[in-house]
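Please go over the structures that come below.
Here come two complexes built around chain A, the first alongside chain B, the second alongside chain C.
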Partner chain A sequence: MIEKKQQIFNKLGLHARAAAKLSHMANMYSADIYLIYNEDKVNAKSLLGILTLAASVGNEITLQAAGVDEQEAIKAIGDLFDRKFDEEG
Partner chain B sequence: MIKSVIITHGNLGRELVQVTEKILEQKLDIETIAFDWQGDGSAMISQLESFIARHPGKKVVIFTDMFGGSPSNISTRFVGPSVEVISGINLPGLLKFFCCGEHNGSFRQVIKKVEQGAKEGINIISEYLGEKK
Partner chain C sequence: MTKDAKGIQVSQLRELTQLKITRVFNEKWIHNLVSHPRPQRPGLGLTGYFKHIQAGRIQIFGKTEAGYLRSLKDEEKQRCLKNYFSLKLPGIIVSESIEPEPDWIAGAARYATPVLVSELHTVPLVSRLSAFLYQYFSKKIKLNGVLMDIMGQGVLITGASGIGKSETALELVNKGYQLIADDVAEFYIDSNDDLVGRANEIIKNLMEVRGLGIININDIFGASAVLEEKKLNLVINLEKWDPKKKYDRLGEDNLYFKILGLEVPLINLPVGPGRNLSTIIEVALRNFLAKKSGRMTYLEARSEALATEPPPAAPGREEE
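What follows is the complex of A and B.
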């Protein structure tokens, strides 16, 4: 199991479209993937679960993955955060 | 693969589908039927019969906007082993149905997940925040 601290860079935070992209990407991996924010831990493969975090820009989230492709999953999802979910040009 | 149709008062269903498509960035495989305010519902019945007839052997879910409303009442007559109706559908419910491999599991399991997602999308925010504090 690996973890990565990840900053939220996009202005709208983990809103609907970002959560959709994130959950879609998480579902491409067999590893169990979670997002941890404050006291909450949600399945990264669940769009509605991600939305319950209401995680906003400037805050830090923990990505957690466990499984054969955990490294690739964390890398891909971290890149998605870094690219601001491709929504800010 | 579960086939789906949404039947609502006016164009509510079409709008819900368009917003869901925008969020998921994909075209959805769902038909929309708008309730004819002036009609007696016979047009909706025909459209539903046609939809189900076009998908023989497939599971079908009919989403409606409100339990007890005409779209829901008319849909109820089609409930059976291969057809289920979910009333009061909302954006979280549609997202649950269409996003991210949510069709995994039996027909019943998928239907229950959508119902749960739709219900959990309704919150009094102050109470929700209070629970989290």
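What follows is the complex of A and C.
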């Protein structure tokens, strides 16, 4: 199992569209992937789960993955956060 | 509502419409913290027996307390109020719209205690208040799954992502059962030691169905298709059919799902082609209810019959 701290850079935070992109990406990996924020831990493959976090810009969340492709999964999801979910130029 | 690990402010209790608070005295101290889930009726505490009066508990004054104070002579009453309020209580709620007397309010003010008045009778006031406080102070846990009311039972449908939890739940909603929470359900232990689940406010009434997106069950199916919260009675875990795994063939497995120190009956349902999950779940519920009401399982009935019936005569030669 690996973990990575990740800052949220996009203005709107983990709103519906960003959460959809994130869960879509998480579903491409077989590893179990979780987002941890404020003691809440949700499945990154669950769109509604991500929405319940209500995490916004500037917050730091923890990405956690366990499985054969955990490294690739964390890297790809971390990149998605860093790219601000491709929302802003 | 802001969450504070140390407690909840009396001002937040005032906002609860179910408590029917009509008036507030000593409002300056309305931000005092209640740090205990059980409301307290002072009772003997007013006579000077303070042993069990706890500083963090919201106090309820009913007819008994009011009547007792009124029966005291002035000097004695002042002493009693002083001793009682010096315990630094977070707040007093007077029930049944009883008019708090000026010296109670003054006594409370000396020790920074707000006094609230509710329209409710003491018993419903205490029960509503403790129901709320129990939920507020209870340890909470989020579980991945769909929480539904099926035949009056709270059922959590769990399983790996993409196995078809939401699709199965949608079929069940279509059959007339109620959705409480899709994907993530939040559980707490209520004052009856029951595990109660509800949806996070953000995703209440919502369901995600791949291909359709996020849909609002309340808008599509109406208010009768959703429920605010439900006690959990059964967990049904959907899993990919594994030919090597031994599934319950006789209906004799008694599995439990452990959560927050409680045990909830668990059924593992393998998902495979040709298995209509919503129907299987409905039947599982009927079977669960039958067992709960004391019906024997097939196997129990069979072994009981074998124990009481005389053994069949051994085949002998004379039959030939």
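Going forward, the second predicted complex is superposed on the first by the 89 of 89 C-alpha atoms of A that agree within 3 Å, B and C clash if a C-alpha of one lies under 4 Å from a C-alpha of the other, contacts with A are read in each partner's own complex, and residues count from 1 in each chain.
Basically, a residue touches a chain if its C-beta (ideal position, glycine included) is under 8 Å from a C-beta of that chain, and two chains touch if they have at least 3 such contacts.
Fair warning: this is a prediction, and the values are worked out from it, not measured in the lab.
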Touching partner for A:16 - first (chain B), second (chain C), both, neither: both
Touching partner for A:24 - first (chain B), second (chain C), both, neither: first
Contacts of A:47 with chain B and chain C, given as first, second, both or neither: both
On chain A, the residue positions that both chain B and chain C contact, one per complex: 16, 27, 40, 45-48, 51
Chain B residues touching chain A - in the complex, by the definition given at the top: 22-25, 92, 95-96, 99-101, 117, 120-121, 132
Touching residues (chain side chain A, partner chain B) in the complex: 16-17, 20-21, 23-24, 26-27, 38-40, 45-48, 51
Complex interface listing, chain A residues touching chain C: 16, 27, 40-43, 45-49, 51-52, 54
Contact set on chain C toward chain A in their complex: 142, 144, 161-162, 182-184, 200, 202-203, 206-208, 214
